[in-house]
Amino acid sequence: MVCATQIYEKPVLNSPILIEGLPGIGFVANIAALHLIQGLKAKMFGEIRSSSFQDFAMSKGNGKARFPISELYYYKGRGEERDLIILYGNTQALTAPGQYELCGRVLKIAEELGCHQIITLGGLKHRKRVEIPGLYCAASDPDSLREALSLGAKVVHGHIFGVAGLLLGLGKLRGMRGFCLLAETPGLYPDATAAREVLRAVCKMLRLRVDLSRLDVAAEATRNILKSFGLETRPIEEKKAREESRSRWLI
Amino acid sequence: MVCATQIYEKPVLNSPILIEGLPGIGFVANIAALHLIQGLKAKMFGEIRSSSFQDFAMSKGNGKARFPISELYYYKGRGEERDLIILYGNTQALTAPGQYELCGRVLKIAEELGCHQIITLGGLKHRKRVEIPGLYCAASDPDSLREALSLGAKVVHGHIFGVAGLLLGLGKLRGMRGFCLLAETPGLYPDATAAREVLRAVCKMLRLRVDLSRLDVAAEATRNILKSFGLETRPIEEKKAREESRSRWLI
Amino acid sequence: MVCATQIYEKPVLNSPILIEGLPGIGFVANIAALHLIQGLKAKMFGEIRSSSFQDFAMSKGNGKARFPISELYYYKGRGEERDLIILYGNTQALTAPGQYELCGRVLKIAEELGCHQIITLGGLKHRKRVEIPGLYCAASDPDSLREALSLGAKVVHGHIFGVAGLLLGLGKLRGMRGFCLLAETPGLYPDATAAREVLRAVCKMLRLRVDLSRLDVAAEATRNILKSFGLETRPIEEKKAREESRSRWLI
Amino acid sequence: MVCATQIYEKPVLNSPILIEGLPGIGFVANIAALHLIQGLKAKMFGEIRSSSFQDFAMSKGNGKARFPISELYYYKGRGEERDLIILYGNTQALTAPGQYELCGRVLKIAEELGCHQIITLGGLKHRKRVEIPGLYCAASDPDSLREALSLGAKVVHGHIFGVAGLLLGLGKLRGMRGFCLLAETPGLYPDATAAREVLRAVCKMLRLRVDLSRLDVAAEATRNILKSFGLETRPIEEKKAREESRSRWLI
């Protein structure tokens, strides 16, 4: 499990907040991060490739090959806006050790840029479609929990799978506090509505000025990226992942 | 497979005994260790996180995120009580190499603290519920076997899966003697009755003064931890684990 | 995941092109590479064995044991022919991290020999058998895409699995440009017809003088190698591989 | 995948031959090696434990815990007998990379003791039980092939799975020549008859004076070891292993 990291620029940031936006349930985090990057014109400053990513390339209609990758963006806040580091990408690692390695790399880079706080995003599987998806949260410390609750989120009961959960736990080891923010989603397609609720809360907290009226554009872009990967957008693997996470507990 | 170890304190101990109490069949070891920690007011002095643990966080009703972890406690015996190192946690590693790595770390730390003896605990699957669960043992050396038998345990026939078996084998390589002590259990729930039998024998042998009347409290706490991990308490994986252990034997 | 590399000779080459020819769909790349090696009398200069290859030996009718291996050949072009490095072998790695490691080794060696350009070959699964298989391409940069399109290839939509895709992506990180060239194939047997179309285009581009009239010989040899590995030639695993590549995306 | 090696003695040997006897089809190699060790009073000089072995302990009726292990024995030939290194154990590694690592360790030790030649043993699955099982061979070089054929073996067609095949291939990289010798076996139980045919040939070639009349004793001992591991002796995994070995070939 080796990660190849490429840092193109070392931005000078003021206590930036790390925002996680990798693909997951309903692609809520992925859409939100893409919209932030586009809306804030955040700049890519680093790339991570892991040997625990998929071993393939993808080709779209334009013949340009794409590869599994994680990208790091930064944004220097204007006025009272907070500085940001945004983790974006088209995959998570294929194995649990790969996820630990990936998160370790991301946190190391974030730490070097002065980051002390993490917000991870995601979807919370919900059977019924709702008008306004509810927000749920969990935090690695009391202060962060208070912050998340003050954004109108309720406490989540259950797992936070993948990078969204792991970044909080491994960040805590480095003295970074944080919370995850999940929006209800049927999880059957890239869910712009759930992403909007998550972003609305994050932007309010970090005083970010981002237009949230056209999140459908980022959702459509996410859907196209998925298509170019040959992926349907149904979370068929979720159940399997949960099953796997139980194995070896009761040996 | 990387382990991150954090040692908060290096206690000075007198030939301490390592007691293993990770989750397993009937959560017998897990309950027993938790009860020991609480009853003796043992102090946590180290934590281990492994990249072969699960890649998720768990959230309970209070919104505090929890993460897969192994914890090390110590107890300085009073009077004729033996000093202890207690291995506690909410998971075992997901893969066999991860288990080897985890056990290697634990043993290295224990060795540095002067440990020469290991007692691993566990449940032995038993179809019927019994009034007083019988004790079973296996040992890595004749002296330890005698000690275990003198506690009223019979010899176990079969596998001792996971950390309970592995610690004995890898400990032997470091010149540590030891035995495992298993109590009969239906294994369908955190089994306070089985944990009591195991603890009764261990406390007698190590002259520990621990009140065993309220083991149901530790069992209930264990059940709640499991729930917060989204885990049912049925050992559905046991059969699968046994199947896996056979693969590649007859290639 | 360890690779053992043996370099028997360090050839002096003039900006050689790396041509990938490992087993894959329809064994198109494998046949094409073998034919190139035989037709050009390319010389083997290195071998790679990976611990992520299979752990077995194969025996054919002559009792000579064969082992999973990757081989590197070179060819010094005559006249206006381009110099070549040809990657040939009888397997790809069994795991994604193994594939990353294998490609990393190959690229490192190619880089040291002055390689800046990669052409990976393969088959594109096609339900019906066609008279003249169509060519498809994807590229990691615009120049390479233009080159590939000028050879009569259309743009591929979808995945390029395995080493054929991975070499492009990891090569790009080393500043190597490149494209993959896939020929339509039913994929049910070593497909000499598809290999001919791929080779015709590659030879034209690189001005290689290779007789393409007897590609059935290389196809037959490939079929025999497969047989000696006890392998049928049906791509039964393709669907499984695609399934696996999706897992953990939607956790 | 880490191996822990313990060498208790460095014997001075005269061009010893490495004989492999790990568990496999029909436990032919395992029985043969145990019989050699007992018949020749070979001495254990080293042990190898791998993190790719199973993570459990086994307990038999006597309460003595046993662990997955590989053992190395040596035998100094008397008169015209050849010196031997015998690889014995109760498991092979669980994963292909683990097998590579294990074989690498064994070969390194053998090489340091002056070994240039390898004989691996095994069973060849055969539907019908036969009076006198036929011998089959494959070799990594022409001289070894001639030797094996001169023992009355026919050429094997197909795979030699696991350590028996891998030792030949990785040994070749170290300039060690060798062959494998397989006896026909139904493979449904520890097969003393097949082990006898293999041993008869090996003893003849190496001029070893070993009584082969009571191989049933070693077979019975092997059966008991298997039982103590909770293992049935049916090769249910063989088919699965073969399936696995194909995966990723045709991606």
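Labels for the chains are A, B, C and D, by order of writing; each one numbers its residues from 1.
Quick note on the criterion: contacts are C-beta pairs under 8 Å (C-beta built on N, C-alpha and C of every residue); 3 or more make two chains touch, one makes a residue touch a chain.
The structure presented is a predicted model; accordingly, all values stated were derived computationally and were not measured.
*Asks:* Where the centre means the average of the CA atoms, what chain is farthest from chain C?
*Replies:* B
*Asks:* Copies chain C, chain D: same or different interface, half of numbers shared as the threshold?
*Replies:* Mostly different residues form this interface, as fewer than half of the numbers used are common to both chains.
*Asks:* With centres defined as the mean C-alpha position, give me the chain A-chain D separation in Å.
*Replies:* 50
*Asks:* Which whole number of Å gives the spacing of the CA centres of chain B and chain D?
*Replies:* 36
*Asks:* Could you list the positions in chain C whose residues touch two or more of the other chains?
*Replies:* In chain C, residues 1, 161-162 touch at least two other chains, as defined above.
*Asks:* Could you pull out which chain D residues touch chain B in their complex?
*Replies:* So the residues of chain D touching chain B come out as 1-2, 4, 6, 23-25, 49, 51-65, 67-68, 91-95, 98, 161-162, 187, 229-231, 234-238, 240-241.
*Asks:* Hey, which residues of chain D end up touching chain C in the complex?
*Replies:* Going by the criterion above, the answer is residues 1, 96-97, 99-101, 137-140, 142, 145, 148-149, 155-166, 168-170, 172-173, 179-180, 242, 245-251.
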